[in-house]
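Here you go, one structure.
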Amino acid sequence: MLNQTSILRVISKLLIPPIMLFGLYVQFHGDFGPGGGFQAGVIFASAFILYALIFGVDNARKAAPAWLTRLMLASGVLLFGGVGVVSSLMGGGYLNYSVLANDVHAGQHLGITLIEFGVGLTVAGAMITIFLIFDGLLRAEEED
Amino acid sequence: MFSAAALAILVTMLLVLIRAYKGPTVYDRILAVNSFGTLTMLLISVYGFLTDRPEFLDITMVYALINFIGTIAVSKFVRFGDLAPPVPENDPGDI
Amino acid sequence: MAVTAYSLVRMHNLFAVVMLSGIYSLLAAVIYVVMDAVDVAFTEAAVGAGISTVLMLGTLALTTSMEKDAKMFSPLPLVIVTVTGALLIYATLDMPPYGDPTAPIHHHVAPHYIEKSAHEVGPPNIVTSILASYRGYDTLGETTVIFTAAAGVMALIGRSRRRKKKSDKSMPVEDS
Amino acid sequence: MIDGQLPILQVVLPLMMAPVTLILRNPRAAWMLTLVVTWATFTISLSLLMQVLDSGTIIYKIGGWAAPWGIEYVLDKVGAFVMVIVSGIGSIVLTYSRRSVEMEVPEDRIYLFYTMFLLCLTGLMGIVITGDVFNLFVFLEISSLSSYVLISLGKDRRALTAAFRYLIMGTIGATFYIIGVGLMYMMTGTLNMADLSALIPAVADTRTIQAALAFLTVGICLKLALFPLHLWLPNAYTYAPSVVTAFLASTATKVAVYVLIRIVFTVFGGVGVMEGLGVQHILMALALTAMFAASTIAIYQNNVKRLFAYSSVAQIGYIILGLSFVSESGVAAGIIHLFNHAIMKCAIFMGLGCVVLRIGGVTIKDMHGLGHRMPWTMGAIVLGGLSLIGIPMTVGFVSKWYLVRAALEKDMWFIAVLIVLSSLLAVIYVWRIVEAAYLKPVPENAAPVHEAPISMLLPLWVMALASIYFGLDATNTLSIALDAANALLHGGVL
Amino acid sequence: MEMLIDIASWVLLLGGSVFILIGAIGLIRLPDMFSRMHGAGIIDTMGALMLFAGMMLQAGLTMVSVKIFLIILFLMFTSPTTTHALARAALDAGQEPIRDDDPTDEIELALMRELEEERKRLSKT
Amino acid sequence: MDAFSGLFNYWIVVVLMMMGFYIVISQQNLIKKIVGLNVFQVSVFVFYISMGKIKGGSAPILADGIEIYSNPLPHVLILTAIVVGVATTALGLALTVRIKNAYGTIEEDEIEAMENTPSNKTPEATS
Amino acid sequence: MIHALSLGGALGILWLLLSGIFEAWLLALGFGSIIVIVIIANRMDVIDHEGHPIHISWRALLFWPWLAWEIVKANIDVAKVILHPKLPITPKVLHIKASQVTELGHVFYANSITLTPGTVTLKLINGAMDIHALTPSSIEGLLTGEMDRRVHDVEGMADGTVEVKKNV
Amino acid sequence: MSPETTIQAAMITPLVGAVLISFAGRWPNVRETITLVTAVIMFYLVASLYPHVMDGGRPSLVVGEMLPGLPIAFMVEPLGLLFALIASFLWIINSIYSIGYMRAHNEKKQTRFYVCFALALASSVAIAFAGNMLTLFVFYEALTISTYPLVTHAGSDKAKQGGRVYLGILLSTSIGLLFLAIVWTWMIAGTVDFTPGGILEGKASATVIGILLALYMFGIGKAALMPFHRWLPAAMVAPTPVSALLHAVAVVKAGVFTIVKVVVYIFGIDLLSVMANSDWLLYISGFTLLCASIVALRQDNLKRRLAYSTISQLSYVVMATAILAPLSIVGATLHIAAHAFGKITLFFAAGSIYTVSHKTEVSQLDGIGRRMPWTMGAFAIGALSMIGVPPTAGFISKWYILHGALDSGQILAVAVIILSTLLNAGYFLPIVYAAFFRKAQGEHGEAPLPIVIALTLTAAGTVLFFFFPGIFLELARQLI
C-alpha cells in the first residue's frame, strides 16, 4: 500500500488503540451496562481487522502471528472450562462460581469476569483468525 | 420532542433506503448504507432519550465503529477485489 | 424490513445483496433496542452488520459478485414457505398479544431473575447474570461454537493452500 | 467426589481437550489425546449407565442453580443408553481412525480433524445429557458445525457441496427447532424439559403448542434425515472421510432420534400427543416411505458408501416406525434399533474405510473380487450387511423381531408385512455387494492389495462381533430398551 | 435556565432533523455518486452534530454527555475518512464524476492538465 | 381488533421469516442462500425478542426507580443464537470459497450439472 | 517511548471517561487493559507521531470551532442548493496543493475539506489533492486558502526528523 | 458324558472342525482328514444320544436368552435325533465322496468348501436339536447363508444366477413369511417352545390358525412347496457333493423336518385335524407332487431331473404330514430318512458319471452301466427306492404313508401317491434301462475309489434300511 491511503492510514493509526480500549471497556463493564465478552471480542477483533485492512495481512500476521491467535482461541475455551472445573473441584457444581471466593457475591463476580474474559479471548481469536484467513486467501489469489 | 426527531430520522432512513435500492452503482449503495449507519446511530441514541434510559450509548459507539470499519472494508473490497462492478472500462486512467 | 427482504429476493448483484443484508441487520438491531434488548442489539450490530458483512465481502472477493440470471420459477419453495408461514400465523392466533405483561413467559421463570439476580449473583445487568451464571453453561457452549467455527474455517481454507491446490489437481474426482 | 461430577465431566472432557489438540498441532499427539479422551468418556458413560440402572435418574445442576432457572443435566435410562452408544462408537472409531485419517485427510489438517472430532463428540454428548431445550440447541449446533467441517474434509470435491447442503438443511432444521422452542417458551415461560412437561398439558390445546410440536418435529426430522428431508445425507455420507462417515452414520442421526424421543415423549408427554394430533400416522407414513423409497434407491447405487447411506435413510425409517407405534414394544424396538443400527453401520463404514485405504475407491467395481483380496474386511462388511437384512444371530434380527411384534400387537398386519418386505430389499442391495466381492473376478490390472492394517481391522471386528454378540444375547440391551420405553410411555419421566 | 436549555436543545434537535432530511433529499436528487457524497456529508456532519448536541444539552453534565462527546469526536474522524475511501474506490474503479463541461477559467484548465499528467505518471509506476 | 394489533407484530415477523426461508430454499446462488439463512435467523431472533417485551417495560439492567423490566431470558437466548448464527455463516462462507475453488462457480444448478455429467457416465461405462 | 507513555495517558483518560466507575477492581482492570493495548500497539507499529500526535499544538482547539463554523456555513450552502428546485450544481474537480509539511497535516487538511459539505477530497498524493466540489461557492472557500493556512498553523512547526521517518 | 454335554459337543464339533479346516487350508490332506474325523466324531456323538432318547429321555440345554423370554434352547426329541442321525451319518459319506470329487475336478477354493460344509452341518444339527421355533429359525437362516457359498462355488455367472434364486427364495420366504409366523405365534401363545401336542390349542381362531399354517408352510421355503420350489433346480449349478448336501443331507431335509416339527409340536395334530381348513395343504402338496414329477419327466439334464424328483419327494413328506394320521406322520418321518439315502445315492451316481465322462444329460447315458457297474448299480437301487419298490427304503415309508392315508380316508392322497409312483417309475426306469441295455459310447472306466465307496455305502444303506428299519421306526413311533 503506497502512500495512496495516507488518509486512511493516519486516521486508523489514531483510532486503533482507542477502539481496542473500547473493546476492553465493554469486556469489563458487561456487568453494568450492555455488552460482555462476546461483544468485546468482536470489537477488539474489529480493531485488528481495521489494522489488517489498512496495513495489509502480512503486517497483521506479524502483529498477531498464527500461534497467538490460535492460543487465544484455545485458551479462551480452556479458561472458561477451567473455571468450571476449578469450581467443581472446590466443592460446588460445575460453573458454580459462588465457591470461588469466601463471599457469594465476590465469587460470582470473579467467576463472571473470568469467564467473560474467556469468551472475549476466544471470540477475538476466532474473529481475527477467520478474517485473516479470508483476507489472506484474497491476497494469495491476487498474487496468482 | 425526541419523538419528532425520531420520526425525522425514520423518514430519512426511508429516503436513504430508496437510494440504496436504486443504486445505480455500487458506490451509491455503499454511500447510502454508510448514511444509514449514521442514521441508525442517531435513532438509537434518540430512542434512548425517548425511553429515559440514555445510558446505552455504548451501542451507538459500536455502531459508529462498525459503520466505519464496514465502509472501509467495503470500499477497500471494491477497490482491490477482483470483482469490479460491471462498468465499461473505456479509459480507466483518465479523469 | 420487509422491503429489504423482498429486494434481497430480487437482487442479482450479490454485492448489493450483501449490503442489503447489512442494512437488514441494522434494522433488526434498531428493533432490538426498541424492544429493550440492548445487549442483543449490541451484538447484532457488531456481528450482523460488522463481522458478517466483512466476511461475506471476503467471500465475494474470492468468488464472484454477480448471480446468474434467474432460473425457471419453481413453485415448490413457494408452497413450502406458504405452508410454513400459514402454520406460524396459525400458531400466533393463540399467542398472548405483543407486550402483554400477563403472558406466561413473564410469570414463570423470568421474575426470579429480575427479582433475585442482584441478590444471588450481583451484577445490575440481569442479562449478564443470566448469561454468565444462571445459564453459564449455554455460554460455554456458545464459546465452543465460536471455537468450532474458527477451527473449522482453519480446517477448510486455512493456510498451506498452495499444497492443497496441488493435491486438488492431482486427484480432482475420485471415482472417475 | 469425582463420582458426583461424572455427568459434567462427560461433556467437558472432550470440550476442554479440543482446544488442547488445536494447540498441540501434532497429528500423532492429537490422535493419542483424542483416543484417551474418547475411551475415558466411554468408561464414564458405562459407569453412568450402571449408576442409572442402579439408582435411577441422575440430575446434575450446573452452576448450582435449581432447575427452571439454571440448566440441569438429566440422565435417565434412554439418555445413558444413547450416551454409551455414542461414546462407545466414538472410541472404537477413533481407535480405528489413525491410518484412515492419514490417508484421507490432508496432513496439515489432521490435528484439526481430531479437534473437530472431539467437538462433535462434545456436542452429541451434550445433546444427550442436557435437560434444557435451549441448551440442547446449542450443543446441537456444536455437533452440527463440527460435522459440516468433518464432512468437507473429504478429498472429493463433492464433499464440499455435500457439506454445504448439509449446512443449509441442518441450519434450517435448527432454526425450525428454535422456532418451536420459542413457541413453547411463549406459552409456558420455561425451557426446562421437566418443567415443560409439567406445564404443557395445561396449554396443550392451544394452536401455538400444536404448531410448536410441528416445528420441532420437522426441525428434528431434518437433522435425522427422515425420508423427504433426507436429501443432505447420501452425499454427505458418501464423500466424507470414511472415519467421519462411520462416526456420523452411527451417532449423529441416532442422537437426533434421541432428541425426537425426548421432545415427543418427555416434553409433550408422548401418547396423547402422538395419537391425538395425528403425529403418529404422519410419522408412520413417512417412515414406511423411507424404508421403501430409500432401500429402492439404494439398490441402484454404484457407490457402495452411497448405497449404505441410502440404507441408513431406510433404517432411520425403521427407528421412526418403531417410535410411531407408541407402544412399549414399538418404542423399545425403536430404541434397540438405534443401538443395533449404530453398531452395524459403524462396522460397515469402517470396513469401507479399509477398502478406501487399500483400493482407493468404493464403487461396486472396486469391490470386485475383494472377498479374496481383503477377506477380513469384506467378512466384516458382509456381517454388517447380514445384520441390515435382519438375519438371525445378528443385531438386525432383534430389532426386526420387536418391530414386527409391535406391528402385530397393534393389529397392523399390513405394516408387519411391509417391514418384512422392506428388509427383503435390503437383501438385494447387500447381495449386490456380496456378489461383487466374492463372485466377480479380480480386475486384471489391479495392483496387489494387502489386507487392511491390524489397527483398523481390530476395531472393525470388534464392531462386527458386537453385532453378532448383541444379536445372540440381546437380553441386556433389550431390557434397558424396554425399561426405557416403559418409562417414556408412562409419563415420560426424565 | 432550565427552560433555555430545553429550548436550545429543541432547536438543535429540530434543526438536526431538518438537516438530515435535506441530506437525504440530496442523496436522492443529486445526479451522480460524487455529488451525492455531499448530501451524505450533510447527514454526517450537520445533522448528526446538531442532534447529538441537542441530546447533550438534554442530558446535562453526565456520563451520557461524555459519551456523546466521544461519539461526535469519533464521527468527525471517521466520516470524512470513509467518504474519502469511498471516493477513492469509485475513482479507481473508473467511475467518473459528472462535471460541468465548460471550465470556468484558465487556471482550472491548467490544473486539470497537470492532474492528467500526474495520473499518467502514476499509472505507469 | 385488539387482538389484531397485538398479533400484528408477530405477523410481520412471520412474513419476514418466510421471506428469509424462501430465499434459502429457492435461490441457486450459494452466497444468497447464506444471506437468506441470515435473514431467516435474524427474523426468528426478532420473534424471540418481541416475546420478551413488556409494554412499558425497560431494558433489563437494574436501575433505581424502574419497576418493570422486559423479560431478560429471551435476550440471553438470542445472544447465544446470534453467535451460533455467525458461526454458521462463517463456516458456510468458507465452504463457499472452497466450492468456488473446486468448481469455479457458486450456482447450485451449475454445480449439479457438473456433478451429474461425469458421475452419470462412470457407472454406465463400468456396468 | 514518549509516544507510548502519552498514548497510555490518553487511553487512561479515555477509560475513565468511558467507565465512570472508580472501583479499585475496575481501575486495575483498566490499567491492565491499557498496558496490553500499548504493547499490542507497539507490535502493530502504530505508535509514532502519526498514530499519536502529541506534538499537535493547542492551536487545534482554536481550529475546531472555526472548522465547525465553516461546516455550518457550508451545510447551509449545500442545503440551499439541494432544496433549490432547479438543482443548480456545477460539479467540478479541482487540483490543489497543500502547504503542510507532514503527511499528518495533509490528512488533517484533506479531512477538513471533506468534512465541509460541498467539497470532498477524492485523492491525496503527497500533498496534492483532487477535490470534488459541488458548487462555485464551495470552490471559492477553498481557493482562498484560508483553511490551508489554518491547518498549517495547527500542524505547527513540524520537525523534519519525523518527516524523514514516515517515508520509509 | 451327560446328554446335555453331548448336545453341546455335537454342535460344537463341526464348528471347531470348520476353524481347524480353515487353518489347515494349505495342506489338503490334513484338511480332509480333519473333515472326516470331525464328521465321524459328530456322528458318534449324535448316535450316543440314541439310547437315551429311546428311553424316553428328552435331554435339553439352554444356551442363553436371545430375547427376553426367548432363549436359545435345544432339546433332543425323536424326530430331531432322526434328522441329526441322518445328517451326521451322511456327512461322513459325503465327505468321502467330496474328497474324491473335488480332487478329481481340481476345484478351487476347496478350503472354503469344506469350511462351509462343516458350518452347514453345524447348522443342520442345531436345527435338528432346536428346542423352540426361534432357535430353529436362527439356524435355519444360518444354514441358508452357509450354503450360499457352496451353491455359488463355481463363481461363474450361471452360479451367480443360481445363487441369487437360491438365496432370494429361501431368504424371502423365511424372512417374509416364516418370521412373521413365528412372531405371531409368539404373540398368541406367549411361547414358541416345541411342545408335544402343540401350543396353539384354544388360543386362536380358526382363521388365524389357517393363516398361520399357510405362513409356516410357504415360509419354510426349504421344503420347496410350489410355488417356492424354483431354488432347487437353480441350485443345481453347484458341485455334486453340494447337491447331495442340499437334497439329501441338510437343506431340504431341514425344510421338511421343520414342517413336520411345526405341525406336530406347534400346531399339534389334534388341533389341525379338527380344523376343516387345513385340507388345502393336502391339495397343494399333492399338486406339487404331481407337477414336479411331470416336469421331471421332461428334463433331459440328469441333475435337474433329480432336482424335480426331490421336489416331488418332499411333497410326499408334506402331504404325509397333512394327512394328519399318526401312521402317516410316521411315514413322513421315515420318508425323510429314506429319501435322504436314496437321493444321495442318485446324486453320487450323477456326480460320478460327470466326474468320469463329463456327461450331464440323460440322453447321453446309453450303456454307461457297463462301464460303470458300481455307479449305475447304486443308481438303480436309488431309483427303486424313489419309486418305492421293495427291497428299498422308499417302500417302507410309502407304505406307512399310504396306510395312514387309507386309515383317515384320504382317498385323494392315495390316488396321488399311486399316480406319482407311476410317474416316478416313468422318469427313473428309462435311465436305468438305457444305462444297462443300450449300446455304450465313449471310453472310460469306473469313477475314483472314494466316490465308488461312498455311493456303494449309501446304496447299501438304502437296502439295509428296508431290512432293518427298526432304528428309525422306533424313533418315528416315539413321535406319536
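We call the chains A, B, C, D, E, F, G and H, going by the order they appear; numbering starts again at 1 in every chain.
Here is the rule we go by: a residue touches a chain if its C-beta (ideal position, glycine included) is under 8 Å from a C-beta of that chain, and two chains touch if they have at least 3 such contacts.
These numbers come from a predicted model, not from an experiment.
Trainee: Over the chains that touch one another, what is the least number of steps taking subunit B to subunit E?
Mentor: Minimal hop count between subunit B and subunit E: 1.
Trainee: When you take the mean of every protein CA atom shown, which chain's own CA mean is nearest to it?
Mentor: Chain nearest the centroid of all protein C-alpha atoms: D.
Trainee: For subunit A versus subunit C, what separation do you get between their C-alpha means, in angstrom?
Mentor: 20
Trainee: As a quick test, compute the distance in whole Å between the mean CA positions of subunit B and subunit H.
Mentor: Inter-chain centre distance comes to 88 Å.
Trainee: Taking each chain's centre as the mean of its CA atoms, how far is subunit C from subunit E in angstrom?
Mentor: Chain centroid spacing, subunit C to subunit E, equals 32 Å.
Trainee: Name the residues of subunit A that each touch 2 or more other chains.
Mentor: Within subunit A, residues 4, 7-8, 11-12, 14-15, 22, 32-35, 38-39, 43, 46, 49, 73-74, 77, 81, 84, 94-95, 97, 123, 130, 133-134, 137-138, 141 contact more than one other chain.
Trainee: I need the residues of subunit C touching at least two other chains; which ones are they?
Mentor: In subunit C, the residues touching two or more other chains are 38-39, 41-43, 46-47, 50-51, 54-55, 58-62, 64, 88, 92-93, 95-96, 103, 105-106, 109-110, 113, 124-125, 127, 131, 133, 135-142, 144-154, 156-158, 168, 173, 175.
Trainee: Which residues does subunit F have that touch at least 2 chains other than itself?
Mentor: In subunit F, 17, 21, 25, 51, 58-59, 61, 63, 73-74, 77, 79-80, 83-84, 87-88, 90-91, 93-98, 102, 122 touch at least two other chains.
Trainee: Please name which positions on subunit G make contact with subunit A in the complex.
Mentor: Interface residues on the subunit G side: 7, 11, 14-15, 18-19, 21, 26, 29-30, 33-34, 36-38, 40-41, 43-46, 48, 50-53, 103-104, 106-107, 110-111, 121, 124-126, 167.
Trainee: Sort out for me which residues of subunit F touch subunit A in the complex.
Mentor: 59, 61, 79, 83, 90, 93-94, 97
Trainee: Name, in rising order, each residue of subunit D that touches subunit A in their complex.
Mentor: 1, 5, 8, 12, 15-16, 18-20, 22-23, 60-64
Trainee: If we count contacts the way the header does, which residues on subunit H are in touch with subunit D in the complex?
Mentor: Spelled out, the residues of subunit H in touch with subunit D are 64-68, 72, 134, 137-142, 145, 149, 152, 155, 159-160, 163-164, 167-168, 171-172, 175-176, 179-180, 183-184, 186-187.
Trainee: Applying the document's contact rule, which stretches of subunit A touch subunit F when the two form their complex?
Mentor: On the subunit A side, the touching residues are 32-34, 38, 123, 130, 133-134, 137.
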